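Okay, so here's the structure we're looking at.
Chain naming follows the written order as A, B, C and D, and within any one chain the residues start at number 1.
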Amino acid sequence: MSEETKKTKIGYYPGCAITKCSTSEEYGTSVLGVSRVIGPELVEIDDWNCCGASSGHATNHKLSTALSVRNISLAEKDGYDEVLAPCPMCSQRLIVSQDDVEKDEKLREEVEDAIEMPISNNVKVSNYLEIVKNYSMDEIAEKQKKKPEGLKVASYYGCLLVRPPKILKFDDPEDPKTMDEIVTAIGAEAVDWEFKTSCCGGGFTLSRTDVVVKLTNDILEGAADAGANAIAVACPMCHANLDMKQNNIEKETGRRFNIPIVYISELIGLALGLNPKDLGMDKHFIDTGSVINAFSNIEK
Amino acid sequence: MIEELRKKAEELLKNGTVKVVFGYGEGSVPERTRPVFITKPEDVNKLTWNKYCVYNLTTYLKRQETRKLGKPALILKGCDARTIIVLLKECQIKREDVYIIGVTCDGVGDPLAEKCKACDVHTPLIYDDLVGEKRENKEVPFEERYAELDEYEKLEEKDKWEFWQKQFEKCIKCYACSNICPLCFCDRCIVEKNQPQWIDPSAHPRGNLSWNVTRAYHLAGRCINCEECQRVCPVDIPLNLLNKKLAKEAEKSFDYRPGYNIDDELAMSTYKEDDDEDFFK
Amino acid sequence: MSKAEAKPENQFEPKIIAFLCNWCTYAGADLAGTGRKEYQANVRIIKLPCTGGIDPLFLIKAFERGADGILVSGCHPGDCHYNSGNYHARRRWNVFRPLLEFCGINPDRIQFSWISAAEGGKWVETINGIVDAVRELGPFESYQKLNTIGPETSGGAADASSETG
Amino acid sequence: MSKKIGVFVCHCGTNISATVDVEKVAEEAKKNNPGVSYTTTYKYMCSDPGQKLLRDKIKEEGLDGVVVAACSPKMHEHTFRNASKKAGMNPYHVEISNLREQCSWVHPDKPTGTEKSVDLVRMMTEKTRKDKSLNPIKVPVTKRALVIGGGIAGIQAALDIADAGHEVIMVEREASIGGHMAQLSETFPTLDCSQCIMTPKMVELAQNENITLYTWSEIEAVDGYLGNFDVKIRKKARSVDLDLCTGCSSCWQVCPSKKIKSEFDMGLGKRTAIYIPFPQAIPSKPVLDREHCLLFKDARKKNIPPNDSKVCRKCLDICPIAPVKAIDYTQEDEIITEKIGAIVVATGYKELDDISMYGEYGGGKYKDVITGLQFERLASASGPSEGEIQRPSDGKVPEIIVFIQCVGSRDPAKGCSYCSKTCCMYTAKHTMLYKHKVHHGHAYVFYIDIRCPGKGYEEFSLRAIEEEGATYLRGRVSRVYKKGDKLVVLGADTLTGSVVEIEADMVVLASAMKAQDDAEKFAQKLSIQYDKDKFFSEIHPKLKPVESSSAGIFLAGTCQGPKDIPETVAQAGAAASKVLALLSADELEREPVVAKVDRLPAPIFSTCIGCFYCQRVCPYGAIESEDIKARDGSTIKTVARVNEGLCQGCGLCAATCRSKSVELAGFNDEQVYAEINSVEFN
């Protein structure tokens, strides 16, 4: 292994939502597929466990922190100084837990006892957008095979990538730009719109469908009004709500958006000329054909 | 490296940049060096450089007899060069009035001097010319830098008192410690003030405590740990322990280390509204 | 409750020297007086304009002279009559106190507090607190002994400043 | 020679004598103390006969030192020092032993109290031995005031001082005086027109013979101290000769650069390159904006003197003044120096204008999200829309308007935790002005609390809600976004617990008053202190609300913190009266409790080694550096010197000096040493 690639070996933390055979498997598949072409090399952290999101952190702070931190300590043990958690629920949990143990000496001790490993704060946890921006922008330009035509993408960040800003310190929490930069880099048009960080309803998708329908409707409407013909996401939860709820919205309001919701990794994959099927693009509720067909080979 | 030093010194003297070069010369035995003051280009061969160059030559900046020689060039190790930053901050010298020949250094003394064990200024932070290959100034963790204090801090109160009384008892009030210190530059030391006489000048245990505590306190936030006071003490009082203790407290409380950054406010002439006050009732 | 009445025979009475700033703590001590708040009589006050004007030499001299305990007290942070005097003072004690402790002087013998002109009650508590604490520690014999050991000196501290005519 | 000290022990009725054996105290004071030549006790030392006793004994016994053992020095130190002075003794040889507050009132056990009293008297006796004669410091006073800033605060202060017969110099950095008040449309709670009450004051100031006005000028440096400031003023190049110009308006009418955003109109209106900021400007003479002038732009591009450029000289050509034109492209900044006795700082505030920090409100992103001052200009009859409320984007009259309060204030998350104080009231006023102009429109206000602490303010606010129909919603806005040509305001109504969504035409942010951008630098220039928000600090928040931390410099108006017009005017009047008190005397007397750096004969000159720690710690900038020179003019050494005019006597320098080369009079080294040394230990 050359010195340079060794440097960019990053611990990969899939989490429950995007690991193999899970509901958002296509996100994970596309992230890994893309990284095989343009790096950085991603290696799954051995023996990883739940990040402590959802019920974990809603019910027991110490437990959720310990779950989170264990993954980071495992990564450090494996010798990584950076971890990618593509799911923002995971990345946010991991980072917030790091922050919690840093600020609370007692909690740190308790957690260290629980996970039976020391905690250090040397491991940086990154979301997928950061990884692409920091490592792969040049590689994308270099290895791009296909370019989209007429593809107008609304970049949707949702809440977990940027909040809480004081701890995550990622991009402008009111008007983030990183995903837009990636969208522009592959040659699609990043539309300026208003709902980049609006709530999609998150975990209420089953318990309060009415609320989620209203919220996702606003987002889809905003994107449509801004002229977008696709929405890019980097979160399985956002994806699920926006992708699945378009039928419910049609039932409620009579409006059919039919906007494909694609992972940013899928878009990059298409630009690199990867097979849409390998990227999992056949697994969406809203047909992604229009997005796939927008890409055509770059004439050299 | 010695050749390079000599060449540099010769050049500076020849072209009139400086009138004198403060450097190290060979001592009476190979294991010793002594300070030399070269004023003529033809004398530069007296200059040497080896691991026995422990002294901090900046002390000669405060002395009348060496000041009289005119603008000096000083051969300074990284640790010694920190003194320059403090002296500049304390308005004792002007930058344009000294020429600094920095030397990179991997440690001096045989055995290795205590001050070198946790060195993070192998390459001086301030210089006009650098002689020797540039070294990386690796950060040394806080604990490691003050590790020498651990065994003394751990002592029981009574044992601390006894230890220091035994040390101070030896003091003969020769003031070598303050004479050698490049930062003890007062024209009239507080111990020389006799109206009123705050510090008993005789070598009496009462005055010895006051003297040694005050000497150390007056270096708080200033001492750059050259260990010269301790080296010259004829009765071997571990004076630098006191200096180091104060340095540790200043760093812990004010996040300040003297001689590292010319832009830092001097620790004892500034404050922060949220300075530690846990000990206040 | 009167401390004086409860005083057992031959109880050690420590001598405390208090260095106070004129504007806050000295006035706070006055307020304790105006409010007839009783406290132990072991304290001797030296008034200065500001805690920022207290040189650590004063404290060493006080111990040298035989004080068993020392109190330094001034305005609360932010309330200094001279804006920043107490902040500078606090810096000094931040390094001076650990230095004395390092030399084997019990930190309870030298206490610091912020007492405002309105805190007569706090003055009383502080004085009773330090007197009790130092009484517990006993006389500062180890320091006082320094005066009597070693060679006799021509101008001992006791008479260094007294004029004879 | 040893001093002859008298000790006077006061009974204070029975306040002291009930629990302290005063006779014993007097007796012990004399015992073993050859310096004490006279002791007595007296019922009430502070009474007239008591003071007479003191005076008589000083004379009869030839005393040159006195200890009065009585109550706290805070009570009667002054009394006894005065009495001694009358008896011909320097008053600084009097010390007070505080027997009442420190002994008799707090130690009911007589032997205990007596023993401590004896100690206290001895301590003061020893201190008195070392007391030195001190004389009050006399400072001459220049009877001229400087007022910095020509807003309502500065104008009021200047007029008050000038009307009392003193010279005033006013420095205003803009081209006209008037400040923010001139920009306002109407004022709360009376809704009278701001310019109608402001402009007569501006004219009055201009016509006052005691006032010299420098507009388009800034303070360059302030040196000196109370009564004796040397102030350097930079008169910025105006390119217009104020003596020659008649303000005929020809030049700004022909100026071809007509699209420069008007600062006075908060960027909503336009102005020319040579311009007066607003029609009622004082002086009503133009200034040439060199940044935007075509001639100067050309000259800069070609790197030639402006006078050599031929691109556009329309203003010069049309100027009717002859034979010398009033317009001068070659004018340069001029620095003048004025001697000043006292200074009023009235530099005002700056409205939070970087509203892009409120991206969630669309600040800086949408044209129709505007600030409070911008709304003032829209509502003003002399404003860019002549008083009609129009959206900046398309000139449409907004039918739904949302006001968001606490923008840049009460928001620790954005680094501004303080309350800007005036926004609640001006927002209520805005809703009314809006309603008066757009009858069918509707105003919504999102607020945290409605704060109306002023006469008629509460009623005014209620009127906005109850009579003028503004809808007040208690809650914060989470987001403002654009939908078509509407601005959707998402917020919470915390009183009903519901989420509110309003499709508005325009959003007005009640932006806070902030300190001026250069407040910090300016404060350093004047050596005055400022708070965490960069507003200048008064020295005592209650009892000295207009005094800055530097003697002789006073604060007025919003430079000290957000306030409304009546409060500003009141504070300006207060500052003026403080200035007048200072200027009323020919000389000022100050307590001689000041520090001094020692001076010794050659070859030492001073034990000061010039490390200047004292200068760094001095809160008053009272330490200067002095070069001690040899006969040939060369510098022997550079040492510190205390400026007595600035020193306030805290003693920080003395305690910081390692060589003890600085001492504080009244608390000098020997005095403190004697006190410590005199405590008796067993």
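Methods note: a contact is a pair of C-beta atoms (placed from the backbone, for glycine too) under 8 Å apart; a residue touches a chain by one contact, two chains touch by 3 or more.
Owing to the predicted nature of the structure, the values given are computational and were not obtained by experimental measurement.
Q: Applying the document's contact definition, name the chain pair with more C-beta pairs in contact, A-D or C-D.
A: C-D
Q: Which chain is most central here if centres come from C-alpha coordinates alone?
A: D
Q: Which whole number of Å gives the spacing of the CA centres of chain A and chain B?
A: About 55 Å separates the centre of chain A from that of chain B.
Q: Could you give the separation in Å between the centres of chain A and chain D, each centre being the mean of its C-alpha atoms?
A: Taking the average C-alpha coordinate of chain A and of chain D, the gap between them is 53 Å.
Q: What whole-number Å value describes the gap between the mean CA coordinates of chain A and chain C?
A: Averaging C-alpha atoms per chain gives centres 63 Å apart.
Q: Rounded to a whole Å, what is the gap between the Cα centroids of chain C and chain D?
A: Computed from C-alpha means, the inter-chain centre distance equals 37 Å.
Q: At least two other chains touched by the same residue of chain D: list those residues.
A: 617, 656, 660, 670, 673-674
Q: By the touch rule stated above, which residues of chain B touch at least two different other chains?
A: Correct list: 190, 196, 198, 268, 270.
Q: What is the complete set of touching chain pairs?
A: Applying the touch criterion to every chain pair yields A-D, B-C, B-D, C-D.
Q: Per the contact definition, I'd like the list of chain B residues that touch chain D in the complex.
A: My answer: residues 90-92, 185-190, 193, 195-196, 198, 218, 265-266, 268-270.
Q: Enumerate the contact residues on chain C facing chain B in the complex.
A: 56-57, 60-61, 64, 77-78, 84, 87-88, 90-107, 111-114, 126, 129, 142-143, 146-147, 149-151, 153-157, 160-161
Q: For the complex, which residues does chain B have touching chain C?
A: Touching chain C from chain B are residues 152-153, 155, 157-165, 169, 190, 196-200, 202-207, 209-210, 213-214, 216-217, 220-221, 242, 245-246, 249-250, 253-254, 267-268, 270-273, 275-277, 279-281.
Q: So in the complex, the part of chain D that touches chain C is made up of which residues?
A: 2, 34-35, 72-74, 98, 100-103, 105-109, 112-113, 115-116, 119-120, 123, 126, 129-130, 529, 539, 549, 593, 617, 619, 648-652, 654-656, 660, 664, 667, 670, 672-677, 679, 681
Q: Under the stated contact criterion, what part of chain D meets chain B in this complex?
A: So the residues of chain D touching chain B come out as 604, 607-613, 616-617, 638, 656, 658-661, 669-670, 673-674.
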